[in-house]
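Here it is, the structure, as structure tokens.
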Amino acid sequence: GPVKVAVAANVQYAFADIATAFTRDTGVAVEPSYASSGKIATQVLAGAPFELFLSADDETPRKLAAASQTVQPPKTYALGALVLWSTDNSFDGKQWQNWLKAASGKVAIANPQTAPYGAEALRVLDYYKLADSVKPRLVQGDNIAQAAQFVDSGAAQAGFVAKALVLAPQMQGKGRWVDVPEQSHQPIVQDMALLKPAAANPDARKLFDYLSSPAARAILQRYGYRLP
Amino acid sequence: MIRFQLQKRLSPQMALDVAATLPAGRITAITGDSGAGKTTLLRLLAGLTDADSGSLQVAGECWINGRHSLPPQQRHVGMVFQDYALFPHLDVRGNIAFGAAAGDAALVEELLTLTGLAPHAAQRPAQLSGGQRQRVALARALARRPRLLLLDEPLSALDPALRSRLQDELLQLQQRFAVTTLLVSHDIPEVFKLASQVLQLSQGRIVRQGSPAEVYLQGNAADRLRLNATVLAIQPADLLWRVTVQSGGSMVDILLDAEEVAGLRVGSQLPLLAGTLCPLPQPG
Amino acid sequence: MIRFQLQKRLSPQMALDVAATLPAGRITAITGDSGAGKTTLLRLLAGLTDADSGSLQVAGECWINGRHSLPPQQRHVGMVFQDYALFPHLDVRGNIAFGAAAGDAALVEELLTLTGLAPHAAQRPAQLSGGQRQRVALARALARRPRLLLLDEPLSALDPALRSRLQDELLQLQQRFAVTTLLVSHDIPEVFKLASQVLQLSQGRIVRQGSPAEVYLQGNAADRLRLNATVLAIQPADLLWRVTVQSGGSMVDILLDAEEVAGLRVGSQLPLLAGTLCPLPQPG
Amino acid sequence: MIDLQPLWLTARLAATTTAILLLLGVPLAGWLAHSRRWYKPLLETLVAMPLVLPPSVLGFYLLLAFAPTGPLGQWLQRFDIRLLFSFSGLVVGSVLFSLPFMVQPVAAALSSLPDSLREAAYTLGKSRLHTFVRVELPCIRPALVAGMVMSFAHTVGEFGLVLMLGGNIPGVSRVASIAIYNEVEALNYATAHVYAAVLCSFSFLVVLAVNLLRRHGERLAA
Amino acid sequence: MIDLQPLWLTARLAATTTAILLLLGVPLAGWLAHSRRWYKPLLETLVAMPLVLPPSVLGFYLLLAFAPTGPLGQWLQRFDIRLLFSFSGLVVGSVLFSLPFMVQPVAAALSSLPDSLREAAYTLGKSRLHTFVRVELPCIRPALVAGMVMSFAHTVGEFGLVLMLGGNIPGVSRVASIAIYNEVEALNYATAHVYAAVLCSFSFLVVLAVNLLRRHGERLAA
């Protein structure tokens, strides 16, 4: 049957392209489910039938490995990048720290408890000493995609989201964004893990390997990820 | 004096179309079959239902004029509903005081005394007997100092003894307040006792009108009373038959000849004429 | 023959404690005040309520013995409830056939014919008149071929004319099926007409028992009928007073002297003795 | 492009749930309508709980119970039954969640039937079961229909429980209410609008139908 | 350690929602109970919709409506009212969502009062408003209490709508049902258990109280 993949929300658009390419190349169908890394981990621990897990971090797959939920050690497939995104007309990418401080609207992040992009966004605020002015205005999405959705719908004035989301075709022409310097947060090392149910589906390993192929790496790069 | 002339369509087949004058300070009774329009007439007068056309003049004031109609709140009517419609969450005093003007506390107390409800002033309607409820409903209607008192079969749910007692009370209160009153009643003795005028309704129209004696007694009274009796037993007695019949609450044996007894069976209805009627000696 | 002796506590103050024999194939009537335990007795016999103790013997079979009791399903009783309890979703034939044995289709058709319900066989209960409903309930109970037929005031909701007609029909059907029957009734003529035995209940006990004549007629019948009349009008007539009274449905004038008229007012109750009673000439 | 699978899955889930509720809820309603046991109010309360319990709480406990490491999950695994992230698991959750919508109207209607109807059937020789199925249920058909329609509609509207229990697996647990949430998060508002419009009009028609049905029933009764 | 703020926030949200529902829902129930307008069934249907509508659908549309770029949001901003990610926004959503729990029992009780009670008050010179407040409402106190208790409890159980609208802000929108969801996802089951236990026992007691109250009312009526 199709490969059942649980995908961290930040990779949803990139993975859709990869899955299309994979199916075209191998004829194997893919069935993705998108959520925050934390929720996926909960569900895997509760026995979810996912075969492959693309996390937004390296810690969650490690935890699953420790709980003997994986069939082989996790492997890094991409390094994530954080951007500040806004659809507000006054948004100033060059002076984003001052703009953010002066602005009064809500700032969206992913739930730091369950989504690594959220946790790293908090680190960025601390690094630039923006915590005092921005923290009271933070709103949390259930995952990074909901954070992006808050920005897109105008519900939040700006948001720290994955670069991969703003580069997606759906987002073109919607607002402006600026790269958040890498030194302001921990590297977002995104690991993938082959889960126990994969033992029964050889195609899962095929997709696992395919994610390291030049074709997949090209797609990931196109979505703003750096490669391991 | 209250004068009205009102039209109201009740169904495709039937319309209420009545005109009458109610003598001031007196009781007018309305009788008529079920569905004749008695309750509807009361509701029109109270302003709870709107007339299609007509007029209603109360002591010079105009309450209904064509399609224009004063709301019930401004009419100063007192209505006693058949189910009494007492407010279950208020005690007796609260119910009576509900419609009284702010400065009329003395009237409320007077009504409590007049109706003998003073000892029950703090009870809720649910704790009252049927007769007590009826009194509360009447007192509540009077506390509004109405110009027109409307009573929809207020006594028909009560047993005969209580009914007779409350008729006396009703008459007393009505005379004390000298309020023009319209009373729906099916009970001829009640009408004779209370009303100075009777309106007999049928199919939405007044078919007879006048004093109770005029309406009921014109050539009706005979010198022999007609009774409906039921045959309980038939036994031979010499050449005749002893037939036990029941009428009202009591039983009597009568002797019938063979011809009269022909066709009679236990359970048959037997119309009787009672000749010599004499009053029973009163005890005590 | 059906013999029972049953005890059942109804409230802390009152217990049902009755014993009687019902003659086979005849109707026994039960009378008694409201709350005397009539319905409860029927329910005990039907198995719808459990007795505290006692026994019930039906033609050799034992339906109740101490605390052990046969469920209603196995008793072969036919019960006509006061509200008829017809099944609203079944038509008349469906209602009657509901309790009939699988092979008893002929009985269902016979009952439809006997009760005159054949033209209405496909109607639902909601489309029937009160009398028709009563017949369906009776036919349904009989379709079970009961050994004991229990009727809880089956006719009291009907008007007098219909009631009398249905009494005849009931008697006919009961005799056709020769079923031992227990009938709750408050109507003395009805008891005379239908029952061969009367059980009079009071406070859960049988206080009188025997044929209707024995129970009701021992020294009760007088030669003059006692009537309750109501005074409608009082007018002077020469040296006497002409008093118009009403009793039953008709009015009569009687002449009273000053002493007799003292204390009388319009609306007063006036007990009368009727002397010469003679049957009204029947029309036609 | 709109994927019809979530709508189809929703319909299948709602239909299965309603069917099971009919089999479980109607007998339960019958028991509640006639019983006089002291623990009847407790049972009534348990049945009504889903009306007020957060779906995240119920979902959490079902998640723990169904997990292969949990007691129930382990026991079920012996029979090779997995309730987590499976259609059957959603059905179990939905049945619990929609229980009051079936049981409450049916129990209310049953207990308002006059006792004499049942008793008449007993004296006519019919068992309790036969009486329940052939007399009581046909007499309360409107309430039964209302219960079924509301259970169906409420299952269609279920969200939090499926989010917690379902795992968002296409064809298994990605029902329409979840699909809307996904499409909103993927910023595909157009698709979300289509799903939402379908669900809204469906819910509206269903509730309108139940209201008109009830009004009709009342008019018949009067 | 367990954070008490979500529980306190939940209580505040439920209390505010119930208070507003009392002010809005009771007059609406009064209108529904007495009106004979042709559009009354439509309104009844709209009131009942939240029972069957997925919270994700309602949440989605409220999000679009409240967004500062949306029409309603822009208009509200003129008065400096922000309903997104705010306590007030959750209150608005909760009021919509719990509306049937207040309106339905109150409307049912009002329409079962005999008309003569109102009419008696009118003939005694009292206005419609005075009659509604001083006669009708006191007569249906049990239904009013039931409506309040159920609205409160249903708001406590709200999840999907808050997830969609709230932004998970501590002290503003992180209510207990959301907190449970977070703790479960963060694999902090112990904390989740505490929140869930509090909510479960609360719901149970509330529904039990309503059931006993209703039974008591029925016994009084009989």
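Every chain is named by a letter (A, B, C, D and E) in the order it is written, and numbering of its residues begins at 1.
Quick note on the criterion: a residue touches a chain if its C-beta (ideal position, glycine included) is under 8 Å from a C-beta of that chain, and two chains touch if they have at least 3 such contacts.
Chains and their UniProt names: B, C = ATP-binding cassette domain-containing protein; D, E = Molybdenum transport system permease.
Because the structure is a prediction, the values reported are computed rather than measured.
> Within the chain touch network, how many edges lie on the shortest path between chain B and chain E?
1
> Minimal path length between chain A and chain E through chains that touch?
Minimum step count, chain A to chain E: 1.
> Based on the averaged CA atom positions, which chain is farthest from chain B?
Looking at centroid distances, A is the chain farthest away.
> Which chain's centre, taken as the mean of its Cα atoms, is farthest from the centre of chain C?
A
> How big is the gap, in whole Å, between where the Cα atoms of chain A centre and where those of chain D centre?
Centre-to-centre distance between chain A and chain D: 36 Å.
> Return the distance between the CA-based centres of chain A and chain B, expressed in whole Å.
About 85 Å separates the centre of chain A from that of chain B.
> State, to the nearest whole Å, the distance from the C-alpha centre of chain B to the C-alpha centre of chain C.
That pair's centroid distance is 31 Å.
> Quick check: what residues of chain D touch more than one other chain, meaning two or more?
63-64, 184
> Which residue numbers or ranges of chain A touch two or more of the other chains?
Within chain A, the residues that touch at least two other chains are 42, 45, 141.
> Who touches whom among the chains?
Pairs flagged as touching, ordered by label: A-D, A-E, B-C, B-E, C-D, D-E.
> Quick one: in the complex, what on chain D touches chain C?
Chain D reaches chain C through residues 114, 116-117, 119-127, 135, 138-139, 141.
> Which of the residues in chain B come into contact with chain C in the complex?
Chain B reaches chain C through residues 160, 164, 167-168, 188-190, 192-194, 212-213, 216-217, 220-228, 230-233, 244, 246-254, 256, 260, 265-267, 269-280.
> Using the touch definition up top, name the residues of chain E that touch chain A in the complex.
Going by the criterion above, the answer is residues 63-64, 66-70, 73, 84-85, 163, 167-169, 182, 184-187.
> Applying the document's contact rule, which stretches of chain E touch chain D when the two form their complex?
Touching chain D from chain E are residues 41-42, 44-46, 48-49, 51-57, 60-61, 63-64, 101, 150, 153-154, 156-160, 163-164, 176-178, 180-181, 184, 189, 192, 195-196, 199-200, 203-204, 206-208, 210-212, 215.
> In their shared complex, at which residues does chain B touch chain E?
Against chain E, the touching part of chain B is residues 46-48, 71-79, 81, 83, 85, 87-89, 98-99, 140-141, 144.
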